[in-house]
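Pasting in a structure now, in structure tokens, and then I'll have a few things to ask.
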Amino acid sequence: MLAKLLNQIDSKHPFTTVSAHCDIPCKIYDPITAQLAVLTMIRMVDLLNELPTANEMSAAQLAQFNRLLGEKELHGKKVKAEIQVIWGDYIKQPQLDAFPELHSLTHNIMLAASKSKQHIDRAATMELLTLVNRFAEIFWLSKGVEVYSANCPYPPAELVIYPKLAS
Amino acid sequence: MLAKLLNQIDSKHPFTTVSAHCDIPCKIYDPITAQLAVLTMIRMVDLLNELPTANEMSAAQLAQFNRLLGEKELHGKKVKAEIQVIWGDYIKQPQLDAFPELHSLTHNIMLAASKSKQHIDRAATMELLTLVNRFAEIFWLSKGVEVYSANCPYPPAELVIYPKLAS
Amino acid sequence: MLAKLLNQIDSKHPFTTVSAHCDIPCKIYDPITAQLAVLTMIRMVDLLNELPTANEMSAAQLAQFNRLLGEKELHGKKVKAEIQVIWGDYIKQPQLDAFPELHSLTHNIMLAASKSKQHIDRAATMELLTLVNRFAEIFWLSKGVEVYSANCPYPPAELVIYPKLAS
Amino acid sequence: MLAKLLNQIDSKHPFTTVSAHCDIPCKIYDPITAQLAVLTMIRMVDLLNELPTANEMSAAQLAQFNRLLGEKELHGKKVKAEIQVIWGDYIKQPQLDAFPELHSLTHNIMLAASKSKQHIDRAATMELLTLVNRFAEIFWLSKGVEVYSANCPYPPAELVIYPKLAS
Amino acid sequence: MLAKLLNQIDSKHPFTTVSAHCDIPCKIYDPITAQLAVLTMIRMVDLLNELPTANEMSAAQLAQFNRLLGEKELHGKKVKAEIQVIWGDYIKQPQLDAFPELHSLTHNIMLAASKSKQHIDRAATMELLTLVNRFAEIFWLSKGVEVYSANCPYPPAELVIYPKLAS
Amino acid sequence: MLAKLLNQIDSKHPFTTVSAHCDIPCKIYDPITAQLAVLTMIRMVDLLNELPTANEMSAAQLAQFNRLLGEKELHGKKVKAEIQVIWGDYIKQPQLDAFPELHSLTHNIMLAASKSKQHIDRAATMELLTLVNRFAEIFWLSKGVEVYSANCPYPPAELVIYPKLAS
């Protein structure tokens, strides 16, 4: 299905030209940084859920709770920042024409990241991963690069969209 | 015209309820921070334009050039960050229904801010101010607050959209 | 009373000259950023006070406690930083002559901000707002701009000093 | 050769135990962030080399020079920080036993990153990429993950070490 | 003279009590961080002055100019921030009574640091060092610790005020 | 013993030359910043240990717990960063030849700092101080500066290695 979608895009837009325009003023974009940040949030939720209930925690466990929560918060900000850089710098009219969902997808990532920051909720954070993976998929397709999904090689070992590279 | 638009919005959405929902989890939003950042960019462009041409600058002037450019860069990042916080945290479905331009307006602010960062271009930076002022206008209207425009009380003394408050 | 004080200042110091000297090397100063930060601290105190007592909190509420406290802390640092920039960059001898209280006022803002950071205390944070509003009032008067007070158009809806601008 | 080395490691150390020890307190490590930062440095060198000589630059080109240099500097700091996190948090005695070069490799990355920050020198920055790729290779092998090399799918299109994941 | 002043202070204020009050809520204050930052600014000025005139610099020298200027700028901010923390957190009424110059000294440090940031001027930056050393001297005396001056053991090898400690 | 070791070093390496090479591209290194950060961590541990057990804390005490923990965390990062700058920028082959323990000492500081961040453990944080003091001793010796140890003139009043300066 991805390959088919890719062909449709290729026939509509000369993406080599598009990415040339983009690459001259800009940094090297890669959604992996945002994906790593979501995975870290999921990992923090898992570690937070291993702790006892709030009023049964020792000082050591309370300190651990705070540190895990702080990391979750930090990586929630990072998800938002990384996606917004790609959306605000790389995504221009040709990409919007090819993927009309990009505005609402990006906005939904912001809302989902806020929700994941505000709660200790694995399902909500997994939903954020799904959205960010979709964003990564669109990003790579827009550059004419095929993708595949694999479990990331560290906890939480969830499915991540990666670019398919010629080795 | 603003008052009329405001009435239309009020009749379609109970915004007091909307902002109540929003304000419980979130920080206090105010587009003035983004507006101040754009004004600073314009000011930096004005000061940069007062310097001699690049190869006629003394070391002192070159240092001033770098400092002004650094401030322009920093405030360009700030414009983007401040607008993205309001768009990604405060703007939800009711505001999008009332102001369907919000996604593309926000995206255009990102592109215009990048352009203002990449160039020393007063017209481009003024265009960014126009977009951010429009964003501020929508923001206040969405909260049921009327706005007015006035020259900011410091250089570059350009027109800024402010909320009309009952003193 | 403000108008009268303003006249006294105008007759003693040619402020257009003063601000001209100041504005050439410096950024655009506006105490609204510090005022917004105090308002956020008050808002965080209000939200913290809605939570149950410490040993009755669930993990979700404890996480909320930490996030609110973190925001309060961050905005306490911001109040201090913003006031110190204006005091250390914009305030020079003419302003000190016109408003001899400026050194002790600024110092008291630092102490009050520290107190507001160290405690969850609405009265202490309101006292900080009073001091920062007084600083804002002096700032605008020193630039020959009249001020008015109004409730800010978002929670905590407390009185804030704004510049009176010709629309 | 990698597969052979991998087997030697596997027979000497039960890495599932090692990574279990590591993963409980720590974040999700991935050298890709450091690799992306080096690639960005190389890209900045390439763009800097496209500019005219220093005393022939226009103000616009001088501004571009400063922005490229600033990004190069920033990503130089990022390379160092990211490698130091993995070295200082993840690398423990078992990894040091398996890869005795780790201390000097990490130290050489620091020196090479400093050199790449101090000069606009493509060869020096490519040497940094070689060292960081070697660090990435060791990292993945130490976790029992095979690697492959491919040109990164964006400029500067240089060879990067990636983990081989089961899709 | 210092010893004599110290005695005068000791007889007026029970400083062990004062510092006890201070130390409970606060961090460990030490003006050495601000002093190091001024020394770095002086060092950067010295290195900047070794470069050729602005329009004779090569790209490599221009890059070096930017890096040195950036470090000078950064350490100028650090001087201000470190002094403001001590002034705003540690200095309270007893210290102000003992050293009435503290408000204007701190304010003069801000102005001198701004001047040192805005210019490449060794004399101005040395004047900043004099002010910061005086601040350090007052700080240590206010804690009942004698001071001595010595050349710092690295460039720019200027005189620095240090606390006299019982080894 | 230090003097003797110092002589051995002096006879093996012309350190004035070494530090000359080092000082041209680099900042002014001083391990005091790292030492101050460890002392702050110890102080935070002491203050944390004064609080009641986790489930007996009031909201005010819980807030204090969070703030102390946050400072401990921040200064743990600072220890790591400051040591890594000296190790990665200043330490080169001559210093490694003279002090072959430098790589493992630096690495052990990273591990000890992580442990001190992860726990509220005075003994572990004191162990970190011992390592950082040893690093400071080597640093000063490598520059041909003798050292002495004294209790720092503020809580936690632990032994710190200082350079012996000619006043």
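Each chain carries a letter (A, B, C, D, E and F) given by its place in the written order, and its residues are counted from 1.
Going forward, a contact is a pair of C-beta atoms (placed from the backbone, for glycine too) under 8 Å apart; a residue touches a chain by one contact, two chains touch by 3 or more.
Keep in mind it's a predicted model, so treat the numbers as computed, not measured.
Q: Quick check on the contact graph: shortest path length from chain C to chain D, in steps?
A: 2
Q: So if I look at the partners of chain B and the partners of chain C, which chains show up in both lists?
A: Where chain B and chain C share a partner, that partner set is A, E.
Q: Which chain's centre, taken as the mean of its Cα atoms, is farthest from the centre of chain A?
A: Chain centre farthest from chain A's centre: E.
Q: Sort out for me whether C-F or A-D is joined by the greater number of C-beta contact pairs.
A: A-D
Q: By mean C-alpha position, what chain is farthest away from chain C?
A: Result for the farthest chain: D.
Q: Where the centres are mean C-alpha positions, what is the separation of chain B from chain D, in Å?
A: 38
Q: Using mean CA coordinates as chain centres, what's the gap between chain A and chain B in Å?
A: 27
Q: Give the residues of chain C that touch two or more other chains, as numbers and ranges in rising order.
A: 55, 66, 70, 118
Q: When you check every pair of chains, which ones turn out to touch?
A: In this structure, the chains touch in these pairs: A-B, A-C, A-D, A-F, B-C, B-D, B-E, C-E, C-F, D-E, D-F, E-F.
Q: Okay, in this complex, where on chain B does chain C touch?
A: Answer in residue numbers: 19, 23-24, 27-30, 32-33, 36, 39-40, 43, 47, 71, 140, 143, 145, 148-155, 162-163, 165-167.
Q: Spell out the part of chain A that touches chain B in their complex, as residue ranges.
A: Interface residues on chain A, with respect to chain B: 25, 80-81, 84, 87-89, 91-92, 103-104, 107, 110-111, 113-114, 118.
Q: Write out the stretch or stretches of chain F touching chain C in their complex.
A: Answer in residue numbers: 55-64, 66-67, 70.
Q: Would you tell me which residues of chain C are touching chain F in their complex?
A: Residues of chain C touching chain F: 48, 51, 53-55, 65-66, 69-70, 73, 117-120.
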